[in-house]
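Here come two complexes built around subunit A, the first alongside subunit B, the second alongside subunit C.
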Partner chain A sequence: MSTVTWITARGLFGRRRFLLLLPLPLLLVGLAVLARGLAVAPADWGPPVLVGLGLAVVLPVVALIVGTGVLGAEIDDGTVVHVLTTPLPRWQIVLPKLAVAAGVTAVTVAVPLFAAGLLADSARLGLSLAVAASAGALAYSALFVAASLLTRRPVLLGLVYVLIWEGLLSNVIGGTRVLSIQHYVIALADRLAPTDLLGTTVTAPVAAVMTTLIIVGATLLAIDRLRSFSVAGETS
Partner chain B sequence: MSEPTGVIHDIGYQRYTGPRLGRRHVFGAMYIHGVRTAFGLGRSAKAKIFPWLVVGIVLMVAAAVTAIRSQIGEVVMTYAQFADAMSWLVIFFVAVAAPELVSRDLRSGVLPLYFSRPVPQADYPLAKLLALITALFLLLGAPQLLMFLGGAFTADGMGAVWDELLDLLPGLLYAGLWAVVFASVGLLVASMTGKRAFAAGGIVAVFLMTTPIVGILSVLPSQAANQLSGIASPPTLVQGVGIWAMRDLLITDLAEGAGPDLGPYGPVYALAAVALVAGCVALLLARYKKVAAR
Partner chain C sequence: MTTTNTTAPTATTSTLDLAGVSRWYGNVVAVNNVSMSLGPGVTGLLGPNGAGKTTLLHMMAGFLAPSRGRVTLDGRPTWRNPEVYRRLGLVSEREAVHSFLTAYEFVLATAKLHRLPDPQAAARRAIDLVEMADAQDRRIGTYSKGMRQRTRVAAALVHDPQVLLLDEPFNGMDPRQRLHMMELLHALGDEGRTILFSSHILEEVEQVSGTVQVMVAGRLAASGDFRTIRRLMTNRPHVFAIRSTDDRALAVALMAEASVTGVELGRDGLTVQAGDYGAFTRVLPKIALARGVRVRHLIPEDESLESVFSYLVEA
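Now for the complex of A and B:
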């Protein structure tokens, strides 16, 4: 475990505001338990909880807060200089931070999704959701870490992607789903445990290839941007 | 040893002798500044990107709706439905504007400067709230006005224009309701943190994570829970109030059971909306009492 990993993890967990991440997963499990306890048919509560809340809100929002927090927060308050002035290759800075972000996101999202999937259908659905969400967590984290190096307002850029691209456009124009991590996750989970609770127009092979491409591409982009990173004060 | 020759130079300090404008003007200045901040006016081009992206999209949608209506004659959405259709963009706009309005001041520690003026403590948050409400109302109202102009110029006769106007006014009222509810919730969340990034994430989380609760409540086996489900989330709460007050304008689908069924609980929705806004404003004022005391 490198020092950068350690610093990043402490930066995330050391503040009280990390507790703000807890309500989202708790809500996910709570709603699943409530619906199960009142004997609502899984076909009715599965899609809104698993997809509507779990994959469309909890996963991207947690990934956004964590992913922009690991590097963006340091850039924001200027302490990134301390890491950049060490004789570390840039990839040794980006990769540990990405690993922490993806790991934290995956744990925060996959555990409640597993519980919800278990309550909805079977342990297999739960496991497949957890696996797919972890892959999605890695992709989202890579994207948002890269975004925090491309712009000074990474959260807003991330929100444009999550809200407008994935939320608004992929419901209206089906074609944009080919470029939507949310639909990759749904496709992967559906492939691992076929049920009628999950449905998308993206095929599993396309989803797997595109997820890998996004992870590799965004990571390389982040490393490249950090290589020529200029530290500037806050503007506007 | 010569005599000390000290001189006091007159460097031109003067007392202010002009008129003191007082509280109303301070409030007005904060309000105008707030509205301009929400749209990034008077700031660098970078601060304008996100607000004007949203403005551009809603105006484009309005233009498309108007064009379709005048060319094909099909009403894609009424004025009141426009706000509902744009809900995601409204949430995004709140997430952009609310942190700009309050989080920056918290972060840079300029609040003591505001409160060292003869400004009553409540004026600062209220001016910011009013500014955000105005910005949201403009965001939702301007496209409706565009649609109205398009409709009015293709209508035949003054009577048709008058009918358009009667359709537009409830739509604008409904947009005002959206603006009040979303601004008070969003500003409260944003005032909790000085980090704009966290404030934006928090606002989106609050608005989005409440929506699936509605989905669950509406499939529970209890009819009362189904009919009250909309209260759990701001967008559906506003929609519920709208449906209670002006059902015909919001639901144009004539099929039986179209749109959410409120049952006898319409007034409950209205009360819940009032309570939500009042609660948020009270918490906001309490928050600034605490911040100002520091």
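Now for the complex of A and C:
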């Protein structure tokens, strides 16, 4: 484990905001268990729980908490200066932080999604949701790590993207779905385990290409911004 | 008194150069056309709060882009150049440390980030240097302000840098820690390292460095030997506000005094400029007594550090 990874993980798990990660995944699994226990038809509870809660809320919110926590929190409290006053190339700082963010988000979200998918349909659906959510975790994390270097209020910017762009506009204006990580995840999961429960709107190739573009683009942007990091929190 | 034993004398020295450096934020000029060259030894960056010291230090450390001019370390720019941190260490003013780590973990992590060949030995050496060995296994969150400061200095020194920049390093330290830090800076400077520390306290700079750079309102107001600058500060005109039972009579009498360089009679009393602080304060009671005047208020008006620095700008 690299030193940057170690410090990032210690910092992330040492902060109280990490506890915020727990309720949402528990709620997801709890609702799935309840629906299954009450013998509600999967067609009735699957879409709102798997997509409405799991992919539209739990995944982006957990990614937002973690993604802004790995770098944004260090920028906020000034501790990032200790890592930056070393000759490490900036990509060697960004990549481990992104890996921690994506890994923690993927584990936190993929496990409950697998359980919910299993209860709704099959192990295959559960697995496809877990894999697609992991890809989504990486894309969201890259986006939110980059946001930490673009603005002093990355959480606010992230919430605007998740709530306004993905939550509101992509349901009203069809074209915005092409720039929605949530819809890429749905498309990828549906491609891996075709089902009526997810209701995909973007084709799988478009989703795969766009997810890759966001991951690569946001990561390169974050590396470049970190090279120009100014202590006041500005980047110029 | 403790003796500070750092490392073996360094083979090469480094020079930090600023050429016509300015930094502005919108319409506010934080640093205005500063040029200086810092070589081996300890230099104090002196100036009142808000003078631009921190902005200047951040530009030197590569954490802020100059709006105009160039900051170079051994000829290479510090901005967008992480390689400079092989030769440069920074202790920023902001008291930001990973509170969940112990001092040893923190300094060791820094040594590893620098890819030092023996990070454990480097961490131990740096911790010994700041006398933190006894507390090195406690979490930093439990430390006093002074201990946290010393831990940060240890981290900044772990890679044995040629240049060390410290922003208000004595803040929060008790007298013993302060003395030890001063000895440490002396020792590092004597080894041929370039040490620059900022302070707004004259006495701190006086005790640590022979060379000073004085910043006032973003400009480099004075530069050079501390004793010369200190003399300039001491010999400046001192301004006193005086109220008495007979201001006019007192004004006439004061004008005959050699130590007085100017008197202004106003509605609220006298404003007196004295060239020699000591002589004036000794002679005033005698004059008042001789003239039968009773002095009700005597207030030195320009004793603040800001006014001392402002005088330097005008001098």
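In this text, the second predicted complex is superposed on the first by the 230 of 236 C-alpha atoms of A that agree within 3 Å, B and C clash if a C-alpha of one lies under 4 Å from a C-alpha of the other, contacts with A are read in each partner's own complex, and residues count from 1 in each chain.
Rule of thumb we're sticking to: contacts are C-beta pairs under 8 Å (C-beta built on N, C-alpha and C of every residue); 3 or more make two chains touch, one makes a residue touch a chain.
Here the structure is a predicted model, which means the values were calculated and not measured.
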{"item": "Partner chain in contact with A:P48 - subunit B first, subunit C second, else both or neither", "value": "first"}
{"item": "Which superposed partner A:L19 touches (first subunit B, second subunit C, both, neither)", "value": "neither"}
{"item": "Contacts of A:G72 with subunit B and subunit C, given as first, second, both or neither", "value": "first"}
{"item": "Subunit A residues touched by each partner, larger count belonging to subunit B or subunit C", "value": "B"}
{"item": "Which superposed partner A:V172 touches (first subunit B, second subunit C, both, neither)", "value": "neither"}
{"item": "Residues of subunit A that lie at the interface with subunit B and also at the interface with subunit C", "value": "236"}
{"item": "Residue numbers on subunit A that touch subunit B, as the complex places them", "value": "17, 20, 23-24, 27, 31, 34-35, 38-41, 44-45, 48-49, 52-53, 56-58, 61, 64-65, 68-69, 72-73, 76, 152-156, 159-160, 162-164, 167-168, 235-236"}
{"item": "Interface residues, subunit C side, partner subunit A - complex", "value": "58, 61, 63-65, 80, 82-86, 88-90, 92, 94, 96-98, 100-101, 106, 109-110, 112-115, 155-156"}
{"item": "In the complex, subunit B residues that touch subunit A", "value": "43-44, 46-47, 50, 53, 57, 88-89, 91-92, 95-96, 193, 195-198, 200-202, 204-205, 208-209, 211-213, 215-216, 219-221"}
{"item": "Contact set on subunit A toward subunit C in their complex", "value": "3-4, 6-7, 10-11, 14, 77-79, 81-90, 227-232, 236"}
